[in-house]
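Labels A, B, C, D, E and F are assigned to the chains in the order they are written; within every chain, residues are numbered from 1.
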């Protein structure tokens, strides 16, 4: 796979949160590489409350990592 | 997306907890952007015990991050 | 919402554990505010083994936060 | 509730693990206090693989807390 | 129960990972002690994808603890 | 089992993420060793949205460990 993650450091917390979303998606992308399948599954889970909560949980776990890496963007 | 997260620092633990709730919601909001769909799903999961517990778990994970960022609001 | 969380510091580990339970409940309470609905749902999940384990998990995650805030109540 | 948790410090890692189990049970015990109900539910979940894995997960989370409190029992 | 956990320190990361698996199993073993029941349940969950992922999650949580205890086996 | 994990240290965050995926798979591999069964289960879960999210969660937890071990690849 080509380079997609060069650093965990981001300029702002919001960019860090968006990186956490990328990490959550990549965790899926390494397992299911077929774009058509992923599009169909996204349709499924984006209309199910528990699926969305579960996805938000993965983002939260990754955000812990990114936030720690950035020393919580303390000034 | 416009700026919604400028800092993880809050004045009090309660504001930190409320920020954790915002983070949990944003984790969903980046995936499902349709407000009508979100309103319907909220109706679903807010009346299901396990869905609420799962949502509370995402808040708890995000609160870990916010609390650490604030050095636990120790005086 | 009125002030309900002024500090994460508690005198004893047990009080810290009880604060973790409060945090878990508040995570639900911000989403579902209707007391009658919450009472009905509590009836549901308090009689289901997996629901109780899931609730205990949210308490465990919050207890991690409270315990760290209190430096594990080390003497 | 009477005092059941005076310290997170234990003499050995195994005692720490057993304390983690106690914490997981207490997380349930604060919600469902009826001993007869708990006995029935225990019968249910102790014969279901996923329920047991879920319970083991709560123990693992609590063990993180107890192990950190004890500085991992490093000599 | 006899002594089964004397230390979280291991010589290598792989031994640490294997200790994490032991901790996950012990989390179950303290609840369900009947070997015949455990063998039957193992048959169930070892043939179900989500059950295996859930078990791998418990291992991952325990590996966090063991890795921290060993200061990540940094040289 | 032969040596498969000699170090948690990686040159880049992306290699660290890929190691986290390996750890997640090994967590399964120690339980279910039959390659044919694993191939069949992989077919199942790689076509189910929640199964993929759950797998991504295990990767996220392991990535926390690997990232901490590498001090977040800070320069």
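Simple rule for what comes next: a residue touches a chain if its C-beta (ideal position, glycine included) is under 8 Å from a C-beta of that chain, and two chains touch if they have at least 3 such contacts.
No experiment lies behind these values; they were computed from the predicted model shown.
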(request) Would you pick out the chains that touch subunit C and also touch subunit D? (result) none
(message) Hop distance check: subunit C to subunit E, minimum number of steps through touching chains?
(response) 2
(request) Pick same or different for copies subunit D and subunit E, depending on whether their interface residues overlap by over half. (result) different
(request) Determine, using the mean of C-alpha atoms as each chain's centre, which chain is farthest from subunit E. (result) B
(message) Taking the mean of the CA coordinates per chain, how far is subunit B from subunit E in Å?
(response) 31
(request) Averaging only over C-alpha atoms, locate the centres of subunit B and subunit C and give their separation in whole Å. (result) 15
(message) Suppose each chain is reduced to the average of its Cα coordinates; what separation in Å results between subunit D and subunit F?
(response) 27
(request) Could you list the positions in subunit F whose residues touch two or more of the other chains? (result) 42, 45, 48, 50, 54-55, 57, 61, 64, 68
(request) Report the topology of the inter-chain touch graph, choosing from line, ring, star, complete and other. (result) ring
(message) Can you give me the ring order of the chains, beginning with subunit A and going next to subunit F?
(response) A, F, E, D, C, B
(request) Spell out the residues on subunit A that touch subunit F in their complex, using ranges where they run on. (result) 3-9, 23-28, 30-32, 37, 41-42, 44-45, 48, 50-51, 54-55, 57-58, 61-62, 64-65, 68-69
(request) Sort out for me which residues of subunit C touch subunit D in the complex. (result) 12-14, 17-18, 21, 42, 45-50, 52-57, 59-61, 63-64, 67-68, 72-74
